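What follows is a set of structures to go through.
After this come two complexes, each holding chain A, first together with chain B and then together with chain C.
Let's look at the complex of A and B:
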């Protein structure tokens, strides 16, 4: 009986709350908040609240055309792997302010790696479709991944070093008990936010899917349910990224209310930046990461080491 | 005028060794008839003397009786227009190319060879520019004797495979692509992210207007020509009216002239703001895109308020204008101009000082003044490279003779300069609108026009938002024109976008392309397309079906 209870409990946690369905639903709502806010900033009306959900339902119902040049199994498998990896990365996070489903020492690294798997799947999808736009987009996505990944990871390791642990919930509990690391490590916070935007391919880091040049980049040939899965993975990655940065830098996430307030505040910040800038060319983006952001981060680490003695 | 006559005298002197006859059809024009074989030498002489630039090549089919095809090479310097006229037998039409002296002639020669079947000896590119892939190579649409009751099609060649052209990797842009608001087809060969080659194929928006005007009367043609473009509709109609009125020797009342000019400036306002939005969008700066288009609505509302329409305001009639300006219109126009002026100042500040946006515009697509001369660009594209080329300044027409225009010139030649030129032109247009309203003359709106237009040829040049628009109007003395040739600014400017693309990163291409403000509808105007099996009813809209639809849709 006990075993059965724990099994249903685990399944419920995985599929419904806080994992799976709830996560995707929150992702869709956050996507709406992002789109609506950007629309208002640009003096447009923006979508209705259920638009992202309606888009996904419509896409799921549509025929998915597999290009002749693509490997059919791989074409269908990549979006699934992407969604699965993003959902798995939520396991170690205190989603919605609830205790993490499965925490272990070093889960911070695993979470970030699982998020990168999404970008990798996107790139492979672009390479696999043999379309000019897909190939260029995939190349750009990988090039950008190689530029922001190291600074982003280092920015997340700043709070970890302060807390003395690489386990997310331990760091977050440390963050709750101490002053916000936004103030103690401002440069790290800046890099984490910008890195999150690059990871989610938001403007000005949207060169991999710059639609006036390469249509939709890696996803140009995707449609129907395969595209829906990719979109769901991106929306989920948005929630997970926001939770991670808010939890580490904005003083932890203790309950559902703080979760909502802090992640939404971060989303507003990101959306504002998104509306403010023109797209960076891929060479400019790479330069920015290696020449400026990396230096900022090294300064941050230097300060941390010196102040610790 | 003395300057113009001095220029014309100079042109006559330069071409004396080859000229067989010199005539002056208008005060500012000189027609030099020369032998076809002397063409390259005469063109080279004009080029060596730096006399003006090649504005257009007009082809005329003089009919089966005459048995010749005539080509007019129009050169413009200031207000002076000198034309080299050559003829070639219809049966074996052959002319020497002048691309050695004027590289910009290439695109005109391509147009002439596919439309009138003239073989150009020594021209660098002989591929079709406008006509569809399945168009028969022996059917020349602008010849008078072409049989349009039969389809002029041949089996289609298979389209080129995506991404395959020898060893180069090709990024196709168009005919349908998010970067293009109108259909055109560009192929960019890339090495990594760097563009190493570029080609263009136009003609996806062909409607056969230049041919169709020859089968309709003078009044009908006005409305047809207005529909060449959806942005600069007014300026096309104005250029046509000016040409026809010149032939008919009709003087337009001064109030009508001012109203025409006013609309032309309003058109420049909304065209430049549309461009600003599109250009910002290409750079991924959607906030500026939305803001520019929101503010553009002010102009569209003004146009609607006065004329009842937003796109085809259709102000012109032959001999005058259709609408008068009421006092409430004048107030609305003044308020609108003040608002646009304030916004334009803000945009100017924004595009010049936003650091991230400047990274996408400064030093991108640099065209030097020498390059601009060689390529033969016109309008804001030329003015961004330090060349004062503005018909309103060089050869004032309509109310510009009374209200002079200050030419806006930037010298950097990059995308940022093109942004600055166009935004500063918004300010200049607002100023002009105020001056025009202050000096609005009283009086009639129209003069009576004859139904038949006296035989002759007229050239009218006007400054469209994208640059010089060149119209050649020829009347045989009847109710219909014999030939109307429209050389749009995009035709001159497009080549520059391709040349400037080479060596740039792929991400700059949409911006460089949009930097010249291309208008494919303006470009693509001459073709008549029939379905291959001749069954017009289902796929093609016949005149009868279009007429019925028009009646039912508006009932």
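Let's look at the complex of A and C:
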């Protein structure tokens, strides 16, 4: 294979499959699955299968308005940074069950940090548009980030400690060879799932964009193509988060079939929880994370340390 | 508007895709410009699981920046006129307006009141009128579908 072929191959892998385009399309399909399932649980018919795609195309084709109070460059740049960081975080993961594109020791930490960059961009968007709803939403998003980030990371470090590596690829191979860590570290699994829901700002943790209180939170002033990019990055983050948690706790992801089965099973679980619970106030969710979930995690780590000797 | 110098066939294809997405994802914004709340309750009833507008792709948005269709209830009062205009101008085009209920269509029983400007189309260009006092959810869905059918037929092409 000459240099040109390997370059086009790498570009195709990055832009089309399994990176970029394929990732966003899967994100849209997973968003539909999520919305449809919620609709069925609420006894509704729910959206048609192409609904998220139509939403995104419509938003891309709309006029884009930059508020007079917002910094025009920052306003346009934040959604791009959000989407870019989320897409980059897929590099170290076995997306679609294929081998990770770029694995290196310690990529677990980098992946989680890149996913947090989405929340950071969202809250900066809220701060930057000089809207009081955006300001309140951004404060709530950051508050929630400080509550769930540490427990979520600790929950993902449980499998890492068991496998003795901070490289996602190595942890997943360990997970395939050993009993599912869902059973050996049940408390860690619980925290990872709830942490994923908080990261994606799903129902019990959707205080940052509470529609009934603060319009759309940080995205109040966003419309058109900028909003489309934020939606795409949220959908992609959904797929990536599902892959991460399913791969670590549900016995690794070896091929496309296990990818589909495990991530969809996790999505069904998350959607059920989402439909079941009402929104937590921001102080309630902070209390939940630091008073209860953190204790659970410490118990989990204590058990792990004692059992290892 | 067309900055790209595309061949005619490609431009048509892009327009078709745009129109398809617009018809299949109409996000609505609800504004009460002086209604007695009757129409508002019926509009909320339309969004309940029994009628479920999400199967048409309709989502109720809270921010005008994210909305495509402004659903306006009630006659426009002198105080609400300025707000209504501001909300309408915050929406990115292409945007459409539905006048919901007898008062929005004609001024209804509030016609000629000292504090009322008049019906909605005295202030904004209205695309669909849904009469009734208040209109039933079926009538609201019918109005929505009629607007989407107009979009499909290309009758409502606006610059933007």
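Quick note on the criterion: the second predicted complex is superposed on the first by the 308 of 309 C-alpha atoms of A that agree within 3 Å, B and C clash if a C-alpha of one lies under 4 Å from a C-alpha of the other, contacts with A are read in each partner's own complex, and residues count from 1 in each chain.
One rule holds for everything that comes next: a residue touches a chain if its C-beta (ideal position, glycine included) is under 8 Å from a C-beta of that chain, and two chains touch if they have at least 3 such contacts.
The shown structure was predicted, so the numbers you read here are calculated from the model rather than taken from an experiment.
Peer 1: Which partner chains sit in contact with A:284 here, chain B, chain C, both or neither? Use first/second/both/neither.
Peer 2: Only chain B is touched by A:284; chain C is not.
Peer 1: Which holds for A:215: it touches chain B only (first), chain C only (second), both, or neither?
Peer 2: Both partners, chain B and chain C.
Peer 1: Under the stated touch criterion, which partner chain does A:224 make contact with: chain B (first), chain C (second), both, or neither?
Peer 2: second
Peer 1: Let me test your reading of the model: by the given contact rule, A:57 touches which partner, first (chain B), second (chain C), both or neither?
Peer 2: second
Peer 1: Considering only touches as defined above, state whether A:65 meets chain B (first), chain C (second), both or neither.
Peer 2: In the superposition, A:65 touches chain C alone.
Peer 1: Once the structures are superposed on A, label A:136 by its partner contacts, choosing first (chain B), second (chain C), both or neither.
Peer 2: Touch status of A:136: first partner only.
Peer 1: Can A:257 be said to touch chain B (first), chain C (second), both, or neither?
Peer 2: neither
Peer 1: So, A:42: does it touch chain B (first), chain C (second), both, or neither?
Peer 2: both
Peer 1: By the touch definition above, which chain A residues appear in both interfaces, chain B in one complex and chain C in the other?
Peer 2: 42-44, 211, 215
Peer 1: Mind listing the chain A positions that touch chain B in their complex?
Peer 2: Chain A reaches chain B through residues 41-44, 130-133, 135-136, 203-204, 206-207, 210-215, 275-284.
Peer 1: Quick one: in the complex, what on chain B touches chain A?
Peer 2: Listed in rising order, the residues of chain B that touch chain A are 162-163, 169-172, 177-179, 190, 193, 280-291, 294, 354, 356-357, 359-360, 505-510.
Peer 1: Using the touch definition from the top, list the residues of chain C that touch chain A in their complex.
Peer 2: Its residues touching chain A are 17-18, 20-22, 24-25, 27, 49, 52, 54-55, 57, 61-63, 65-66, 68, 90-94, 160.
Peer 1: Sort out for me which residues of chain A touch chain C in the complex.
Peer 2: Touch residues, chain A against chain C: 35, 39, 42-48, 50-51, 53-55, 57-58, 61-65, 211, 215-216, 219-224, 227.
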